[in-house]
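In what comes next, chain A is part of two complexes: it sits with chain B in the first one and with chain C in the second one.
Then we have the complex of A and B:
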C-alpha cells in the first residue's frame, strides 16, 4: 500500500507581493517616515541644494540674470576683511555663550537634584528664561541695558557705582559680553534640564559608598558623578554650540550688528549681504560655508550619540 | 501592521502634507475678492494721451517756487469740488470689466481709527466706481512686504499692481520686473507731481511708477527746554552749525540731551536723518541732490561729506550732547526721550505730534500735567540748512505695474491697472488714503477742501508739507538699500567710535560704494 505523501511536502500558498512587503519591518519603517521625508526634501533639501548651486553664481542687483563665476564668491569671501571680522565676532559670541550656560546650568542642576524645600517651584522658576520667547527677551534686555533709561544703569548710578551710564550696547568693547550675558541667561535652563536628566542615571549606592569612604562633595562629584555625565555634557555642549553658532535673534534685535560691526556675526552678515546688498550669490556662498562648518559639528554630534547608544546597547 | 490601518495613516499624512503645502494651515493675509470673477478681455494697450482734467481743475497752477507754510495754507480749499468718478471715467470707462491683483501696506492695528475707516471707504468706493473689475487685494506690513514681493516676482507670482515705499521700486525696475508707464495714460502730467517724486520712479530715463504720496520730516523741538537753556524758543536752529551749538548749550545748561541723533545699523531711521546733513553740505552718496543726477561719481568723501560727518562727531564725541545710546537707538527712543522732557530737539514726521497727544491722553496725575506742558511747548521747524542747501529725504510711496512675465497668471490686465492707478492717485484718494501719515503725491490735492481740513486737524502739517520743496530722494539705483542702510551707517559708526578718523571713515565708505557699483561709477 502506497503511503500518502506527508503534509510537509505540499506547497505553501503564495503570499501577495504587497503583503510580503508589509511583513518587512524596514519597508514599513520607511513608509512611516516617508511623509516627513518628502516634506524635508522640498522644504529643506531643495533649498540647500539651490543655495549651494547659487553660490557659484553672481546675481548683480542691476540685472534679472545670474552669471556663473565658479569659486569666485568663496575666494572673495575668504579674502574679505569683513568676513574675518564676523568670524572673530562669531567665536567671541559662541564660545563664552556655551561655556557660560554650563557654568550656570550645571551647578543649578546639582543643587536642584538635592532634597530642597520648594525644589519643584525652583525648577519651574529656573525654566522661565528658556520658555520666554527670544524676541521678547531681546527687547526687554535691550531696555534693561539702555544707557539713557535702562534699569541697570539707573541703579548703578543711583548707588554711586558709576557716575556715567555704562554703554552696554553702544561700546565696541562691552557689546558682545553684554549680548553673551543675555544668551547665557536664556540658555542655561537647557543645560540644567539635560544635566538633571543625566544625574538620574548616577547610582545613589555609589554616591553613598563614596560618602562612607570619606569622599567630600567635590571629590564625589569628580570621581563618581562626572564620569556618568560626561556623555550628556558632550552632547549638550555640541547642541548648544551649534545653536549659538547660527543664532540670529538676540544680536539682530538688540544691536543690528553694531556698533561699528562689533556684534556682526555670521548669520547677520549673511542676512544683510542677501537682503540689503541683494548679493544672493555671495550670500549663498557665505551660507554654504557656514553650513559646512555647522555640519561638521552636527556629524560629530550624531557620531557621539550613536556611539553612546552602541555602548548602552 | 494591518494594511487598512497603514492606508488610513498614509491618507491622513498625505492630506496633512497637502494642506501644509497649500498654506491652508499657514499664516499670511487672506486675499479679499471684491467682485464676482469676470473674464478679462484681451485688449491692445491704449494709445497714451493726456486726458483733459475737469475744467474746475484748470485754474492757477501750483507755483512750487512759492512753496512755504503760508503758501500751503493759502492754496488749501481753493478747489471746492473734485469729481473722482468723472475724472477716472475719462481714463478708463466705468463699465470696464477686468481683474486686478493688488498689494499694499495697509493700516496696522495701532494706527488711528480714521486710517482704518478711510481704507475701508477707499475699497467700497473703488468697488462701486468700477463694479466689474474683480479685485483681489493683499494688505502687508512694511517689514514683510519687500521680501514677499521679491519672492513673488522671482516665482512669477507678483501682483499686477503694488504700492511700495519710494526706495524699493528701482530694484524691480532694474531687473525688468516692472512695466514702463506714461503719466498720460492715467490722466496725469508731470506738473501734477513733485519733480523729486518723479525722479524716484525713473530708471535709465524711463518711468516705472506714479507717486501716490510723499512726505518729508521736520525739526521738532521743546520750547521750554530752549527757554531753560537760555535760547529763544521762537528761533529754532536755522543751520546745522546752530544745531551743534544749541545741542551743546541745552546739555550744559539743563543736563538734558540736545539733539536726538540716530545712528543704528541696518535701520532706515539712520540715513533719513543723516543724509539731509550730507546734502546740506553739498555732498551725497552720488549727485542725487542735483536736478538731473547721473549717479556716476561717488561724492560721500568730498569736503561736504567730511563736514557733515564732523557735525555728528562734534555732537556725539566732542560735546556728548546727544543720547549716549545713539549708535543703537532708533527714532522711537527719541520720541520717548522727548516725551519725557529729556531731549531738546529731533527730526520727525507730523504724526509724532499725534502720537504725543495720544500718550498725553493716557497719562494720569502729575504725568498728565507734564505731558500737557510738553504739548503746549512743542515747536516744529523746517530742517536746518547747510552752506549749499536745505534738504530732507523725499519719502513716500509709488504705485507700479508689474511686467507680464512676473505677474501671477502671466498677464497683467492693463485697463484694470490704469483704472486703479487713476483712482488711487486722483486728488481725492491721493489725500484720503494717507490722511494721518503723509502728504498727497498729486499736487492738485493740496488745493482741495480735504487738505484744508487736514491742516485744521493736524497741527504743524504746514511745516512738514513745506519741507517737500527741499525733498531729495535717495539715489535711484538698485544698490541704494545697501548704501543707505549699511554703508552710510557703518561710516558713521567708524567715525563716532573712533575706529577710524572722519576722513578714513568717509574714504572707506566711498571705496565700498565704488566696489558695490562696479564699473558704473568713478
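Then we have the complex of A and C:
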C-alpha cells in the first residue's frame, strides 16, 4: 500500500510530462537521430579518441600491457627516415593522381556535354571503372602490367617500342607512375560526373549573350563557363585529394608497398606498423598525424560548402 | 520536359558552334573510351582462356579455343573451389544487404529530423556527419579492431556491418534531408487533419515521396559495402567468413597465380554492382553529385 501511493501520484503528472516532451522538438529530434548518433559515437567518435590516446603509449607486441611514453612515439616517427620516405611517396602518389583524374575527367565532361547522341550510354560506360571494386581493378591492372605475359608489355615488344619488358611494378622508378595510372583510370569518371553536373548550372542565356557579343568558343568557356565550374572543381579536387591521401587498396594489392618500399605510402606504412609489426602505439601516433593533416583539408571542404550555402541563402 | 532539358544542356555547353570542336570532342571521347574499355575487355578475354593461352605473347584478344573452365571452376557448387567462391559471394551479399537495410532505416528518421526540426546543435551535428568520410579509414582501424576484439565481434560479419553502416550515413542523410526539405509540411498536416498521427502522416505521405532518394542512397551504400576491402581484411580471418574482395586473395595466392580464374572471379564480383548501377544509374549519379555539391 505504502509503495503504491507514491507510484500513482507520480504517474498522474507523468502523462502530460511525456506529452510535453513529445511536443518539444529537441526531444523528438533526438529520438529520431539517436540511432545514427549512437552508431557515430561508437564507430567514429570513440575510435578517434582512442587512437589519440593510444598514440601516447608504448604497446609491446608480446604483452597486453601498455606504458605511457608521452610524445616519444611522435618524436620517433618524425626522426625516422622511413616516415619521410613514405611522406614523399604519398605526395608523389596523391598529387599526380588527383591532377591526372582532372586532366581526363574535365575533357570527358566537356566532350560529353556537347554530344547528344548516346550521351547517357557513354556516361555509363565511363563510370564502370568507378563502380567496380578497387580489388578487381587492381588485379586487372596487375595482369595488364605483368612483365612476361602482360598485355602492355606484349604490345610494346610486338611493336618494337621496347626490346625487353618494362618492369612497371618491379622497378623503383616506374612503380608509382604505374599505380597512379590505375588510380586515374578508376577516379576520372568521378571528376567527369561532377563536372557534368556543374555544367548544367551554367545559364544558357549568359552563353548566348556572350556569343552575341562576339565571344568565341574558347573565350566563352573561360569567361562564362569556368567561373561557374570553379566551386565544383574546388570541391571535387578536395574530395579526391583527401581520398587519394588515405588510399590503401591499389598499392597494397599491386605492390604491397614495394619494391624496396618505393610505393610505401602513409596508409600502408600505418597498416604494416600496426598489423604486421604489432606496434599499435606507434601506428596510432602515425594515424593521428595523418588524421591531423586530412582534417585540415576536411575543414577547408566544409568551409567551401558552407560558404556556398551562405551565398545561396 | 525532356526536350527542354536537352535544349538547355546543349546550349549549356556553349561549345557546339563549329565542326572543329565537334570532331575534337569525338576524338577525346574515342581515346577515353579506349582507355576505359581495354582493361575491362582484357579481363573478359583472359577469363575465357586456358592458363596456357593466357600466357601467349603477342597478346590475342580472342583465343583459338574458348573455354568456360574458369567460370565452371568458381561457380560449380559440387567442387571444393566452387563452394569456396560461392560462400564468399554469399557472405558479401549478406553483409551488403544487411548494411543497406539497417543503414537506410537508421538514416530516414535522422534525415527527417534534420529537415523538420530546429534544435540545439543541429548545424554542428550536420557538419560532423558530413565530415565522417573525410577521415582516413586507418585512424579507425586500430581502435575498432581492438573494440571488436573486446566485444567478441572479430571474425564476425556484424563487425563489418556496423562499420559499413557509417559509410553511407553522411551521403544518405544529406540526400534525404534534401528530399524532405522539398516536401511541403502542408501535405503532412493535411493528412493529420484527416486523422492520421504525425508518424502515420510521415509513413503515408512523406516516405513515398522520398522514394527516389532512398533508392539512390541504398544503391550507394550497397556498392560501398560490396566493394570494401580494408576493414574486411582486418576484421575477418577465418576462410569461411571472408567476403569476396578479401576472399579472392586467399583463393589465388595458394597456387601459382591462375590469371584466367582471377579474371573470371573479378568479373563475377563486378556483375552485381555494375548491374545495380546500370539499372538505377539515374538515381545513383544524382546521389553522387548532390551528396557532394549541394548542402
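Points to keep in mind about this one:
One rule holds in what follows: the second predicted complex is superposed on the first by the 280 of 313 C-alpha atoms of A that agree within 3 Å, B and C clash if a C-alpha of one lies under 4 Å from a C-alpha of the other, contacts with A are read in each partner's own complex, and residues count from 1 in each chain.
The working rule: contacts are C-beta pairs under 8 Å (C-beta built on N, C-alpha and C of every residue); 3 or more make two chains touch, one makes a residue touch a chain.
Please read all numbers here as calculations on a predicted model, not as lab measurements.
Once chain A of one complex is fitted onto chain A of the other, the partner contacts of A:75 are absent, as it touches neither chain B nor chain C.
Of the two partner chains placed by superposition, only chain C is touched by A:132; chain B is not. Once the two complexes are overlaid on the shared chain, A:148 sits against chain B and chain C alike. Once the two complexes are overlaid on the shared chain, A:260 sits against chain B while remaining clear of chain C. In the superposition on chain A, A:207 makes contact with chain C only, not with chain B. Applying the stated contact rule after C-alpha superposition, one finds that A:61 touches chain B and leaves chain C untouched.
The partner of chain A that touches more of its residues, comparing chain B with chain C, is C.
By the touch criterion defined above, A:50 lies against chain C but remains apart from chain B after alignment on the C-alpha atoms of chain A.
In the superposition on chain A, A:162 makes contact with neither chain B nor chain C. Across the superposed pair, chain B and chain C both touch chain A at residues 28, 31, 35, 39, 42, 146, 148-149, 275. Listing the residues of chain A that touch chain B in their complex gives 18-19, 22, 28, 31, 34-35, 38-39, 42, 60-64, 142, 146-149, 164-165, 167, 169-170, 172, 252, 254-262, 272, 275-278. Every residue of chain B that touches chain A in the complex is listed here, in rising order: 1, 3, 6, 10, 13-14, 16-17, 20-21, 146-147, 171, 174-177, 257, 264-267, 323-328, 333, 336-337, 340, 342, 477-479, 481-482, 485-486, 489-490, 493-494, 496-497, 499, 516, 518, 520.
Put simply, chain C touches chain A in their complex at residues 6, 8-18, 21-22, 24-26, 28-29, 32-33, 35-40, 42-43, 46, 54-59, 106-107, 109-110, 112-114, 117-120, 122, 125, 127-132, 134-144, 146-147, 162-163, 165-166, 169, 173, 223, 226-227, 229-230, 234, 244-245, 248-249, 259, 262-263, 266-267, 269-270, 273-274, 277-278, 281, 285, 288-290, 292-293, 295. Against chain C, the residues of chain A that register as touching in their complex are 25-26, 28-33, 35-37, 39-40, 42-44, 46-48, 50-51, 54, 104, 107-108, 110-116, 120, 122-129, 131-137, 139-141, 143-144, 146, 148-149, 151, 154-155, 157-158, 185, 188-190, 193-194, 196-200, 202, 204, 207-208, 210-211, 217, 220-221, 224-225, 232, 235-236, 239, 242, 245-246, 248-249, 253, 267, 270-271, 274-275, 280, 283-284, 287-288, 290-291, 294-295, 297-298, 301-302, 305-306, 308-309.
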